[in-house]
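Letters are used for the chains, namely A, B, C and D, taken in the order the chains are written, and counting of residues starts over at 1 for each.
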């Protein structure tokens, strides 16, 4: 598994009157990066939802290191820190595409639920998703 | 039926780097004003949805007369221009609460649908909603 | 001038509990398409802003023909309907990338302002932008 | 100093297709609660900005305990955990207005900057803001 990083350019309406990206938008970018990850590993989120599986957010943590401005592009790389079949935790490093300077350090935790928002053991329902997450834990996803 | 106008203060994250409210947010304010109207006339939208009735937007038209800034409060008054049991059309005048200057002139059109997004005749399903809309058409809703 | 259409995939957070894209987001997609147009014709908006030129929205009109869902990709093509050196008007056709079905028909009007939001004649300040807009009026921008 | 808690009702467009509030919006609600706090203690944020003082976010942490749905109203209470004249840290407890059940536990850290985003010592520039924050640290702000 070798992933491509997720690139995201700031949209105009994501800035606020301070002239920088409003901090709430970074959580949206991280979600985009997660969905891109799921697509790259072969489990697009729209298909998971059709199968009745959803992945809500349990917690988030962001350290805003440096403001991102309009039209700047960031590179988001993620790392699967923990996974136990029920929950998982991802860390993110968000850097400027051109300068490599860090913009954001973040972490989110998630669990698998069914369409009634009840927690599920993914190994029973979708063993291939379990295997994929299990093999990704602790690995550098962007180099072999 | 005498309505209270809907007041809305600009939130910080609704501004963009131009220092004014991003124009996409006004459509959100109009939606808030519509839901406030439904609540004032006794048909809160969350209960309508539980009954399987939804009211999507068919079209919208906005004339942005004057920028709204952070912390300014606007007053939204609406007028039910047309209603035929299937569709309705609302016009809005958005003014500054303090100066009465016009900020936005707008119009939205809607129809009633069931939970499969199929159009419905509201008179058959909810005659009291039909009667309410019918009695409001063309009236000044804010004065007897 | 031969433009590439602007493609945009629905993001998860752009949906609402109706399961479809919230209608306010389309105005944001149109803005993205406009900024992509400016970039393609050689006048990126961030550079225009650095030169003290901004392009606020005067009015918008949207006809929501068919709901767009999560993960669907739309194709946005625009047409410069009018331009007089002070103001311009753009129409948009938004179609599904895969089926070519129409999702949205829209129109926005704009004017050029300086950093104090005062209208400017673009011909005097930036003749090359004037020439570009002038040559694009009424043309099919996606075929020679 | 006895504050009123900040109440916030879910808006329709804040939900996503999961039928619950998209988690990114909670950071926006916390910002609203902070600006309400500043207003209650006599330092409205729009006036601070006119004086060239801004308060960016350094970090955020959210534990999403229970999903919030459309039309539910939450109560946000904050606690000033730390303040040293340069930075401060706030914790939040977000509960359902009707049931008192916890929805969200959160924390944000901030610093004071000037209009060039350079850190400032608030005691030198605005001693009354310094005194206010200093007297609020560690206190229960909602009871004498």
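Everything below uses one rule, namely that a residue touches a chain if its C-beta (ideal position, glycine included) is under 8 Å from a C-beta of that chain, and two chains touch if they have at least 3 such contacts.
Treat the numbers as computed from the prediction; the structure is a model and nothing was measured.
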Label of the chain whose CA centroid is most distant from the centroid of subunit C: D
Cα superposition of subunit A on its sequence copy subunit C - rotation in ° rounded to nearest 5: 180
Shared interface numbering between subunit D and subunit C [over half = same, under half = different]: same
Geometric centre distance via CA averages, subunit C-subunit A, whole Å: 29
Whole-Å gap separating subunit C and subunit D, where each centre is the average of the chain's CA atoms: 36
Length of the line joining the C-alpha centres of subunit B and subunit C, rounded to whole Å: 25
Contacts with 2+ other chains: residues of subunit C: 12-13, 17-18, 20, 24, 28, 31, 49, 70
Sites on subunit B touched by subunit D in the complex: 11-13, 28, 31-32, 35, 44-46, 49, 70-71
Interfacial residue positions of subunit B with respect to subunit A in the complex: 12-13, 15-20, 22, 24, 70
Residues on subunit D engaged by subunit A in the complex (per definition of touch): 17-18, 20, 23-25, 27-28, 31, 49, 54, 56-64, 67, 117
